[in-house]
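Please go over the structures that come below.
Look for subunit A in each of the two complexes below; its partner is subunit B in the first and subunit C in the second.
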Partner chain A sequence: MRKLYEYPKSRAAFERACKVIPSGIYGHQGPVEGCYVPIEAFPLYSSKAQGTYLWDLDGNKFIDYMCAYGPNILGYNDPDVDEAAARQRAISDCTTLPNPVMIDFADLLVDTVASADWAFFAKNGNDVTTGAIMTARAYTHRKKIVFFKGYYHGVSPWTQKVDYPGVIEEDVCNNIYVEWNNFEELSRVFEENRDQIAAIIAQPYMHGNFMDNQMPAEGFWQKVRKLCDDTGTVLIIDDVRAGFRMDLAGSDHYFGFKADLICFCKALANGYNVSALCGRDFLKNTVSSLSYTGSYWMSAVPFAAGIACIEKMKKIDCPRILNEKGQKLKDGLIAAAAKYGYTLNVTGMPSLFYLRLADDPTFMLHQEWIAQCVQRGVFFTGHHNHFINAALSDDDIRETVEIADEAFSVVRDRHDK
Partner chain B sequence: MRKLYEYPKSRAAFERACKVIPSGIYGHQGPVEGCYVPIEAFPLYSSKAQGTYLWDLDGNKFIDYMCAYGPNILGYNDPDVDEAAARQRAISDCTTLPNPVMIDFADLLVDTVASADWAFFAKNGNDVTTGAIMTARAYTHRKKIVFFKGYYHGVSPWTQKVDYPGVIEEDVCNNIYVEWNNFEELSRVFEENRDQIAAIIAQPYMHGNFMDNQMPAEGFWQKVRKLCDDTGTVLIIDDVRAGFRMDLAGSDHYFGFKADLICFCKALANGYNVSALCGRDFLKNTVSSLSYTGSYWMSAVPFAAGIACIEKMKKIDCPRILNEKGQKLKDGLIAAAAKYGYTLNVTGMPSLFYLRLADDPTFMLHQEWIAQCVQRGVFFTGHHNHFINAALSDDDIRETVEIADEAFSVVRDRHDK
Partner chain C sequence: MDERTLAYINLYAVLGSLRELCRLDDEAKRLIKGEDISIGFSVKGGPEATLVFKDGECKMVPGCESCNIKLPFGSPKKFNGLINGTVTPIPSKGFTKIGFLLKKFTKLTDILTSYLRPEEDALKDERFFEVSTKVMFYVIVEALCQVGNNDKIGRFSAGNTVDGNVKIGVKDQFYAYITVKDHHLTPHHEEPAEYMSYMIFEDIHTARDLFDGKINAIVSVATGKVRVGGMMFQVDNINRILDRVALYLS
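Moving on to the complex of A and B:
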């Protein structure tokens, strides 16, 4: 049996943080957000990262299946990406005029992403989902936006719920929420809101939190695409989370349709700070008409990093290897669960796998198991999809399954008593 | 007479960009935005930057008074900031857990900024102005926001105008616009909207575009502060542009009052990508309650850069030296204008000077003069405030005044004919 990790330095740092940072660590990385449950099993601060590994402040080493919640796709500190970034940094980064590396990056995205006739760069995923909504409204002169329940499209008030702090009715009063994969409901909503719907915004499949992830039903996207075409509605794919882990040509391409607008961020530059809104020609002039920019949106270093990242992803056929690694891990985890009489649901793409121990509707058993994994060096999270990166080795997968096995045995033992 | 710069490579790059990027270059850096008029006198892409200088794609060298529109405060590629950033980059940047350098940066801001009891980090200035609005609404349970005409608080729909593409009535229907420095109008607005105003959001002085910049009237901020206190309204200072160029303790401190929330971005880390919302204790729990985060918001490298930047700014007393340099330049430019019978209005803080040739209400003369300066190697902009950085030398100022003088003489000659 492995010795369980302890986190005294993480806890001390968190206490220090709480004095000067609201909630100490906010958002998806914070212990209050919900994905970290059970909180006490998790470290809170990192001291270093390399490849697929993360070390916490107490020196504990983890095989990190969160990958910075997506950005780490090639492995932390990838030498090729870092070298390209350092080369650009020595020349310039954030200056009064953009460096033409911005054009090179746009060219590469247009060459790579099937639905990209152009690229517009920003910083956050939220910047580009918001830009997409503004583009759709400006183009259609309509206001309403259709979302699929379980969505996450960023943090702007328009993406939140009216009962969330700081959000007002006006922020969300044009939002319509439809069940994922329910084309009849979607059609009805379109009939009830004729000529009023500017856009559908959706992830390529339902990879929401606190739920088994769901692939699109057979033909779903083709029907949605046709509905948008028939009604002059802009189809926005939010590929911030899944982008480049499913298909380098875009997750819409993976499912055999073309988005009108597609949003990228996380995996775009292996952790360098950039996001991109890409789209079809007919929307280009509308995007040009927006008042939309930011202080660092044309910084050169992330563009250089993005070029190196995409070129390397192409070279190694990244989605294929991530899904192969993910599949191997998935098979191993399911088998380990079965050994102890458990059913582990592993849903979503293998490169973005979501875990749920099916034998307990309260999630408590699942959380116990996650806690046992984390405290042995496998950084899983409670109720969020995971991410595979290219630096994950077969040995890492073997060790992960070993630890998962040990964690299952502990949970089984406890509950057999 | 100096030979005028030409920009064939910038123009060719722009043509290439227009094929794959909406409008080629968007926002404040783009030639369509309005500040670049006359466009043909300006380069469009940079090849490198160092200290106070920028080189365009055609190899022309400029003394750059735009400083990346603010981020360049210590000089491009400042060795101390870059070294701190590189040291952190070798360890980690964007990872699953934050590095405690985030806490160190928050500690430093709390020590430095008078109205900061805490700090919350994001990426864009717009992220933190939006976070401030959400905080004010969540805290007060009110909806309305008061703006001063001529404001710029970012690019989210709530900060824009209803007739801007992509903006809908609901985005801005709770905005109230008041004349800068008009306390009577402000008081009347508060009476008419009793218990409905969540916040006033304002720059520390009116540094809008296409207008002479205006300092607050004597006692204006003290009256506004009292009005906010009396009515339970949150006072938000948007220090994104002026922050650290007026006063390291915050531009509210410069004017002798305390903001409830203060927004920083540009000069915070000498071009590394970070923004910060700081504020008073009574709002800390409200900020904690927001659903507000982003993929790169806890990346470690910009925090390390920010620490090095602020420490260096303290060491060299940055606002003082920037304002001295700015004053010297201002005096030189005004004298050069006078030599040719022109009146040059130089408004705002010297470290953020705004230029307007007063002798022509059409702005055409002003634009002609700006064009002559730019084509001789002084990067001024038509109708936006400028920025001083610490690497600007007395020789640079002398050369700038010499070029400005030559530019005035050309304009004078033309109009005397």
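Moving on to the complex of A and C:
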């Protein structure tokens, strides 16, 4: 049995943080939104990262399957990306006039992403999903937006629910929510809101939290595409999370349709802060008309990093290798669970798999198992999809499965007693 | 804030907490000893329930059909006026038993107020602190259900909540649970045999500090002073309703 990790330095840092930072660590990287159950099983701060590994403040080493919640696609500190970034940093970064590396990056995205005729840059996924909604409303002169239940499109008020703190009814009164994969309901909503719907916004498949991920039903996207064409509605694909882990040409391309607008962030530059809204030619003038920018949106270093990242992803055929690695891991984890009489559901693309122990509807068993894995050096989280990066080796996968096996044995023993 | 939701809270959570008060407070126990009387509250366009005092206990039952004293209110706002002291009720039934209403019942509600809106010094007494916190806990649990069932935003949160029991309590001391069924919330003043999710306060002082807004709920979860787990999606929605309870109870 491996020695269980402890985190006294993380705890001390968190106590210090709580005095000067609201909730210590806010958002999804914090212990509450991150669903760290029990809290004692998880580290809270990192000291360094390399490749597929993360070290916490107490010196514990983890095989990190959260990959900074997606940005780490080639491995932390990828030498090619870092070198390109360093080269650009020596020239210029945040300047009065943008550096032409911005045009190079846009050119590369237009060449890479099937539905892209242009690229518009920002910093976070939320910036570009919001830009996409503004574009759709400006183009159609309509107000309403259709979402699929279980969605996540960022943190701006329009993306949140009416019962979230700081959100008012007027922020979300034009939101319409329909069930994923239910084309009948979607059609009905369009009938009931004729000439009022500006856009459908969706992830390429349902990778919401607290539920097994669901692929689109056969022909679903093609029907949605046609519905949008027939009604003059803008189809927005939020590829922030899945982008480049399914298909370098975009996740819409993977499923055989063309989005009007597609949003990228996380894996775009291997951790350098840039996001991109790409789209079709007919929306280019509308995007030009938006009053929408930010102080750092034209910083050159992330553009250089993004170019290096995309070129390397192309060179190594990144989605294929990530899915192969993910499949190996998935097979190993499912077998380890079965050895102890458990059923582990591993859903979604193997490159961004979601885990759920199906033997307990309350998730408590699942939370116990995740906690045991984390305390042995595999950084999983309870209720979010995970991410594979290219630096993950076969040895790492083997070790992960060994740790998962040991964690299952502990949970089994505990519940057999 | 919605007057109708507030009326449900005032009836089921505030007056409903007389049940716990009569179990926990010696003076309250003494006041209802030997009584066999019931007071019905009938709110037009709002809730209707009866407080029954019998066999040294107090309980609340739905409807006003068999009450001894009936207090009708023309609107939720009028009923809320009774609770905040701006409306004097006129019974439509039970004039012969009005003495209980004017004396003992008024005394009971005064005791209840002393626990729900306590003086800072009173809380220094350990027993008072414990009773006050426990009564407040059940008021909050009941109010949470009323907000989830009646308030517009609360109903939205309840609409996103999956079926099953949510266990809430102070570790090793007292518990309650909320049954969610088809997005309707029902409170229970006991520990559940089974539950989908839980929210457990480490000790009574943590619970109290949270009720009084002296400590941050997110930090309390992050530091393990409040344990949250199980079906997180369920407890997350319950917490959203809890946020709105503060709006009504404040």
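In the analysis below, the second predicted complex is superposed on the first by the 416 of 417 C-alpha atoms of A that agree within 3 Å, B and C clash if a C-alpha of one lies under 4 Å from a C-alpha of the other, contacts with A are read in each partner's own complex, and residues count from 1 in each chain.
The definition used in the following text is that contacts are C-beta pairs under 8 Å (C-beta built on N, C-alpha and C of every residue); 3 or more make two chains touch, one makes a residue touch a chain.
All of these numbers come straight from a predicted model, not from anything done at the bench.
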| message | For A:I316 in the superposed arrangement: first (subunit B), second (subunit C), both or neither? | response | neither
| request: Look at A:K48 in the shared chain and tell me whether it touches subunit B only, subunit C only, both, or neither; answer first, second, both or neither. | output: first
| query | Looking at the overlay, what does A:V37 touch: subunit B (first), subunit C (second), both, or neither? | reply | second
| message | Tell me the contact category for A:D82 with respect to subunit B and subunit C: first, second, both or neither. | response | first
| Which partner does A:A338 reach: the first (subunit B), the second (subunit C), both, or neither? | neither
| field | Which superposed partner A:A217 touches (first subunit B, second subunit C, both, neither) | value | neither
| said: Touch test for A:S288: subunit B only (first), subunit C only (second), both, or neither? | reply: first
| Which partner reaches more residues of subunit A (counting touched residues only), subunit B or subunit C | B
| message | With both complexes overlaid on chain A, does A:S23 touch subunit B (first), subunit C (second), both or neither? | response | both
| task | Would you check which partner chain A:V162 touches, where first means subunit B only, second means subunit C only, and both and neither mean what they say? | result | second
| said: Quick check on the output: what are the common subunit A residues between the subunit B footprint and the subunit C footprint? | reply: 23, 25, 30, 32, 164-165
| task | Over in the complex, which subunit A residues touch subunit C? Could you list them? | result | 14-15, 18, 23-25, 30-32, 35, 37-40, 161-165, 209-210, 361-364, 367, 382-383
| message | Quick check on the complex: what are the subunit C residues that touch subunit A? | response | 153-154, 156-157, 160, 164, 195-197, 216, 218-219, 221-224, 227-233, 237, 240-241, 243-244
| List of subunit B residues in touch with subunit A within their complex | 13, 16-17, 19-23, 25-30, 32, 43-49, 54, 56-57, 64, 66-72, 76-77, 82, 86, 89-100, 102-103, 106-107, 109-110, 117-121, 123-127, 130, 133-135, 137-138, 143, 154-158, 160, 164-168, 170-171, 173-174, 240, 265-266, 271-273, 275, 284-299, 379
